[in-house]
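You will see two complexes here that share chain A, one where it goes with chain B and one where it goes with chain C.
The block that comes next holds the complex of A and B.
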């Protein structure tokens, strides 16, 4: 099955416009400055959505779509966003009134989101009445995320309010075959969906190897939590990573495909790693020895990750020594994206999250950014010359 | 692009500018974050008052008309100057402040950093439009967050090493 990447770009633009229209509705209703930080489409296992809703209370509005586009759209607010919206629209109101105000905002936002799609498809999208939901953690996903490993496309927008320090998400989960049909007939710019899936699985396997290498090096049990392939407008890559402070490493890899690999740890995680690798008193600054410890871990993780690709792609991929970085995630990404934006408008951003358990537990995010044209070519060649291998389970290859 | 002009105040008094985006405002705050090698260029006319903030990523558009002008320093500056004039700014009164252009990632022996080239491109582009650069907080190795007071053109730069500067 072929998927037209250009059409996927168009859909991502529709999702972004829809999210902006939803954010504008929120601003007009509440006076809250709502800004769409990022919209991307990910190819991921539906069950991996769960990690975003671990812990915390959520509520939102969900609509089912039918007709020209089947699937579901939901707006989810965390407890703080819910409080701010209810305080603004129903100050001093009772529980019922507060709930209605949030429900009303959710209804207006979801319909704002979906309006542009029907127009683009020049077809009718049937929309179910909006349904309000609330619950703890992953409970809110029961209707959306059944336990399944099937990879689906998920359009996701993150909307933030700088003044109110709140953020919330708009998700659109189209039914898989319906989306492919709606995307239209494949042309020469298309890639094989199966191949994209295999590449995603290869990346997952590479990330798993990177996690194993963490265990070898630190003695901490490490597990891969989430793996997804995001398709992001190049300008939005920094916002996808976000403004949180990170410590980590940046590597450049050369070969087919070439690109960048960025491994980021939040502050407590980086401290836990240094503690595990170079247990000594430190003064809060990142000393040379601590920086080398992070770099060495980056190096060994990268090797595991890149080898995975090279094996299946039967190409030779080398990487530069890791460079230590410590800054906002978005600032770290900006020079990398600047280099890539010279030649491409969209990025395949492969995003894997690894966590360790027990004492000194830490989390780590890996972002791989292969050159888009080279990745397409590699995938294309794989389809033509190594069609038999595309059906090989990654487990058999690694 | 985002706009914060008369009528929208009261709805929201802050506009966040993304990478490769710009905003124009006559009041409130224009903000942008995650400035690594990118620039935050504030251009304003304090008498009008009206201000613009653009967050470009690369120095030169090089005539590639299909690419968004806001992504590049030269075309981004041109764009905001035009927008400011349209919003009531006076060409002779425009002033600019340049922020960002850091080398957050050390790419080794790879020539001049994108950040440095962005800063040079901004000075050139602003000079070409007869806009005086009255202040800069550029270079170094730290990411930055920037806030522009649209009424006064006052710029606050917060670096990730904790240093805060008012321009």
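The block that comes next holds the complex of A and C.
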């Protein structure tokens, strides 16, 4: 089964326009000035969606789609967004009225999100009556999300209002074959969906190996939490990473494909890592030895991550020595995006999250940005039957 | 036995030094491939622990030059890179051993023993 990457760009744009329409609806209804922060389409296991909802209280509206496009769309509000909407639309109202106001906002927003898709397809998308839901963490996801590891395309938009400090998400999970049919016939720019999935699995294996390397180096039990391949407008990459402050490393790799790999730890995680690597008195600044330890960890994680690509593709991928970075995530990504944006409008952003539990708990995010055209070529040359050759031991060669 | 360490990471050099000190004499530490070649010429060590990814000149180029001028040189690549093609390149350059990071002390000492024993 082939998938047309150019059409995927179009559909990502449709999702973004749909999210804008939903944000506009919210603004009109409530006066809250909301804007779309980021929209992307991810190839990921449905079960990995759980990560987005861990530890919060959410409510929202879910609708089922049929006709020209089958699947599910949902809008979720966090507790603060729910409070602000209800306070604005139903001030002084009882619980029932407050809930109804949020439900109606969700209903109007989901409809606004879908309308553009129907127009683009010049067809009718049937919409089920909206179902309100509320709950803690992953309770808000459908049972299907917990059960399946099948990779699906998920369109996700994050909408924010700076003035009100609220945030909500729009998710669109189309039925896989239905989406590909809707994307239209494959042309020269198309890639095999099977190869796209295999490459994503290779990346997952690389991220898992990077996690193992952390464990070996630090003694902290690290595990891969989430792995996904995002397709995102290049200028939205910094917003995707966000404004949180990070410590980490940046590396450029050259070969097939070329690109960048950014490894980021939040401040407490970086401190936990350094404490495990170079236990010594520290004055809160990053000493040369501490920076070197972070860089070396980044170096080893990078190899764990990209060696699998090189081994499966029977090629060689070089990478530069790591550069230590300490800044906001978006600021770290901006210069990289600036260079890549000269030749591409969209990017495949491979996003993996590694975490540990217990003492010295930390969270690490790895972002790989391969050159889009080169990745397409790599996917074309990828031999699926070699996909399990990600690891090669020196003893096999020496 | 005299050992030269070549690695651009201060942290990794200190880790290797910790593993090797007491067992071997560390005669020099290089931060890049050019320094590795210069220090090899200066000290004529029995063994080089050579990283691959280094600035200025990488470890495979440095190994190639060292073994060109001294065909008896013993070099162990000590690197995070686990790519089959790079391992083949290292063999072509004259490396006799290969250790992938992250490593534990026993695996480093075992590999040194193997290479020294020929």
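One rule holds in what follows: the second predicted complex is superposed on the first by the 379 of 398 C-alpha atoms of A that agree within 3 Å, B and C clash if a C-alpha of one lies under 4 Å from a C-alpha of the other, contacts with A are read in each partner's own complex, and residues count from 1 in each chain.
The rule is simple: a contact is a pair of C-beta atoms (placed from the backbone, for glycine too) under 8 Å apart; a residue touches a chain by one contact, two chains touch by 3 or more.
Nothing here was measured: the structure is a model prediction, and the numbers come from that model.
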In the superposition on chain A, see if there is space for chain B and chain C together, and answer fit or clash. fit
After the superposition on A, what does A:343 contact: first (chain B), second (chain C), both or neither? neither
Quick one: classify A:328 as touching chain B (first), chain C (second), both or neither. first
In the superposed arrangement, does A:162 touch chain B (first), chain C (second), both or neither? first
Would you check which partner chain A:243 touches, where first means chain B only, second means chain C only, and both and neither mean what they say? first
Once both structures are aligned on chain A, how many angstrom separate the closest C-alpha atoms of chain B and chain C? 10
Both partners, chain B and chain C, contact chain A at residues 320
What part of chain B is in contact with chain A in the complex they form? 10-16, 18-21, 31, 33-38, 57-58, 67-68, 71, 102-108, 113-115, 142-145, 160
Chain B-touching residues of chain A, taken from the complex the two chains share: 27-28, 31-33, 35, 37, 160, 162-163, 235-236, 238-239, 243, 245, 250, 252, 320, 323, 325-339, 341-342, 345
In their shared complex, at which residues does chain C touch chain A? 8-12, 14, 53-55, 58, 79-89, 91, 96-102, 104
Would you tell me which residues of chain A are touching chain C in their complex? 213, 216-217, 277-278, 288-289, 292-293, 295-296, 299-300, 302-304, 307, 310-311, 314-321, 391-392, 394, 396-398
